[in-house]
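For reference, the structure is listed below as structure tokens.
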């Protein structure tokens, strides 16, 4: 265990999250569902309030004070995002609604222009629907193939399968999760980028989970596309990010048409603005983007090294205590894993687990986690999942274990 | 802890079902599926008795069990009335005498997101009565 | 002037809008840019704060308390929107980012499935880019035609041109603004619906402006599609609405793929959820939707009759005082018009007007207002535009007039 | 009211231009356009003098005028240095003696959204020097 970084003062950080002091069913609220969406610190809530109370107007086209203030605040977040992921330029950052829209944007625009019918897109067995369904839709509309890279029993990418999928040279895009929202697995992204690039394919990473837990450097990875959502990163809903390398973005046709994405419009023809504006049609999520900026400031002030270290401790602790529970099985055992743990219990269905834990104030998620095919691969219909945030306490994991013991007794 | 929903009848019937398993021969069947969570249930009519095949949570299994109990010997009209009362029960949490053991599921009213677990067998039952095996509830929400 | 409705107590309402008491360049802030985006009342700010501080989690798939609370609050807004526009059912309400996305959604899904190459879409000369560019993109991708209905000198729809555009029976969609964001013109939507339906075409209305100023009844209009944005209706950014008749929505293929829009997903194939969820992929704008709900509650409590009456007075007053200014020309003179007034001034460019007014604390918009082709039609490159909200005071219009007199003197 | 940007030089030159109008013959030209607001400007070099055709706001017109004044008689290297100083001026609002009358545009620094109005003629001038008439600034933002 590295001692290089100062451990988080989690109790102090928790004061920033008003919701965590709520009671649920009369019990202290134990929120273990950050993987679905994280809670918001006061700093984010305050930033959104501030813009609405003091600096609000529509952006970009306004020549008056409020519009300039709002535009500046909005565009400043592009710089913050670029810094967060170490993009080469702010113009490589496109604002979307969420990770899902980011993937769809790439599928609709790059997919339908850079890919030809017969080209293949490869994803893995452990993708979120957001990184599977858009490629099925592209396949059906555009004639590209869709290939599935297998995972091993431990829940890691199967490199033999990867080789196989790439064997005939048809794969032009490898689109993978950076961290599985079910198994917690981190994928070896630098190696994957090299692998894909050597074979003439681009690499897209679904960073919806990964962005939250560790520092991400898209240039060090050499990712061609990287997507994530603001709401999992302690920011508001309604705002997501697409990163793509400048030379790729420049070649991409627009996704949606409307205001702000054009260079000029005539009744018959229009020309497109340069990236990133080309991909941001209509009034953007101004307030939410500014909220995301505050979230980025927040996590960077806390520090990704400390967050990663904290979550590593939590995950180790959780794996330890959960493995003590009779009849409980943890899914996935990847070497490199983040703070997301899925499990099933003998005789107790995941939904019953979630409902019974809820009565104890403990929030976990139960279901297929938008990864239905992975459920089939794992031989289950659903799992219960506990996922951690920077505000999660080891005691909360102990409460989960106690709660699960009760569940076990009820169903024993 | 208020675990009233998982009272002894519910747990007992979920773990020790009396009507579970596909009969060798049956007069009618109906199925229901909740694709959001993978719950599946099939209902089989054999004369005026019912059996089920339920794959899912305890609430689904117990609901299927207690429904088979209650439906036995009833005609389509009587079952329709029972189904209406049951729907009231799980929405309002108000027990009502004609529901008998089904009242054990009243607690579901506190868990709107679990409602479908309790009502899925009834959709499948209706489908079996309608003679349309696929007419069960297949929504995602 | 109807006396049926109680006049608004505007001074009292203004207390709900914290931003209006800001000073700008040391002057009282006169915000005449509500047509671009409206300011937010405390009630909306508070609703968003509340959800983040007390009831936040991801929606739909959660079996725990916070998720149920958030899901209930989110879905309740669908009912509020359905009531607001008198939709036949809550399932006819799809949440999008903004009006722009709503139009694009229809163009991508209904456009590419219900329209065949050779079919035509008709729009008018006074459309916002949001209702023009998507149809150009559809034309280029799908082979549909795009036709332009002319407007008259007064800035109203030219019915002869409309007849002409429909003459060969190829138009299958008439997509029009319900209220022009440049000229203020209201279009006669009931009559247009009848016209389109008699000719076998659907009617889509861009209600981005109209929804703010008067009560809208999509069933009385018999509109097939209706779109608007939350941020112009005193709600947050990042949330918009698409209404479409149930039987149309049911036939539409999905737009984006991902979580929440599926019935089932396999590695190879997926099936779609019913509307409206089919069109809402990924984590929705939960906080913003709840904010929109609060905005709807707010405007309905104020009352659309009173708002319409107030804005009619303001518009009359503004037309009166502005027409006194030497060298100022108001664009458009429609019979039925709302609280948006565009003008140009002899010798003073719209940008110079906006900058000089801003120095006096007065915010107006200047430019092409995302209606570049209309600028050409009107023979100008840009206009200055004052637009009103429920919080606008007649005195603010007088301040505008005074400011414009100064501008005139500077350039005289 | 702080209307310093619209001081007498700026207004005077916008309304009474000395270098406006396309010359019958010229040695080089360059154009710039701001599509967001419709501003357009062309710059023509005739020997070592400059003329412009500016369609847009007063800031654009005045900037084109003062630039033509300042560029007259200068070579490409000198103009490049001047352009740099001008850029500093409009970004920082700090007047600097070598800019002479151009300092009248210092006030633009307070209006970031109007910056392009002042710099567009300079982009067009650079394009004319580069011998690429279309290389002017055509961005939308």
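As written, the chain order gives the labels A, B, C and D, with residue 1 at the start of each chain.
By definition in this document, a contact is a pair of C-beta atoms (placed from the backbone, for glycine too) under 8 Å apart; a residue touches a chain by one contact, two chains touch by 3 or more.
Small disclaimer: the values here were computed from a predicted structure and weren't measured.
Student: Centroid from C-alpha atoms only, then distance subunit B to subunit D, rounded to Å. What do you get?
Tutor: 79
Student: Approximately how many whole Å separate the CA-defined centres of subunit A and subunit C?
Tutor: Between these chains, centre-to-centre, one finds 31 Å.
Student: Return the distance between the CA-based centres of subunit A and subunit B, expressed in whole Å.
Tutor: Chain centres of subunit A and subunit B, defined by C-alpha means, are spaced 38 Å apart.
Student: I'd like the Å distance between the centres of subunit B and subunit C, where a centre is the mean of that chain's Cα atoms.
Tutor: Distance between chain centres, rounded to whole Å: 47 Å.
Student: Going through subunit A residue by residue, note those that touch at least 2 other chains and give them in order.
Tutor: 25, 61-63, 67, 262, 264, 351, 355, 366-367
Student: Two or more other chains touching the same residue: where does that happen in subunit B?
Tutor: Each of 36, 111, 114 in subunit B touches at least two other chains.
Student: Taking chains as nodes and touches as edges, what kind of graph is this: line, ring, star, complete or other?
Tutor: Basically it's none of the tidy shapes, so other.
Student: Pairwise, which chains touch?
Tutor: Pairs flagged as touching, ordered by label: A-B, A-C, A-D, B-C, C-D.
Student: What residues of subunit B sit close enough to touch subunit A in their complex?
Tutor: For this pair, the touching residues of subunit B are 1-3, 5-6, 11, 15, 36-39, 55-59, 111, 114, 117.
Student: Quick one: which bits of subunit C touch subunit B in the complex? Just the residue numbers, please.
Tutor: Its residues touching subunit B are 60-63, 67-68, 71-72, 262-264, 273-274, 277.
Student: For the complex, which residues does subunit C have touching subunit A?
Tutor: Per the stated touch rule, the residues are 18-19, 22, 24-25, 29, 31, 33, 36-37, 39-40, 44-45, 48-49, 52-58, 61-67, 97-101, 103-104, 107-108, 125, 128-130, 132-137, 146, 148, 229, 231, 236-240, 254-262, 264-270, 281-288, 351, 354-355, 357-358, 361-367, 369-370, 372-373, 376.
Student: Tell me, which parts of subunit B touch subunit C in their complex?
Tutor: Interface residues on the subunit B side: 35-36, 111-114, 138-141.
Student: Mind listing the subunit C positions that touch subunit D in their complex?
Tutor: Per the touch definition, subunit C meets subunit D at residues 25, 347-352, 355-356, 359-360, 366-368, 375, 381-382, 406, 410-411.
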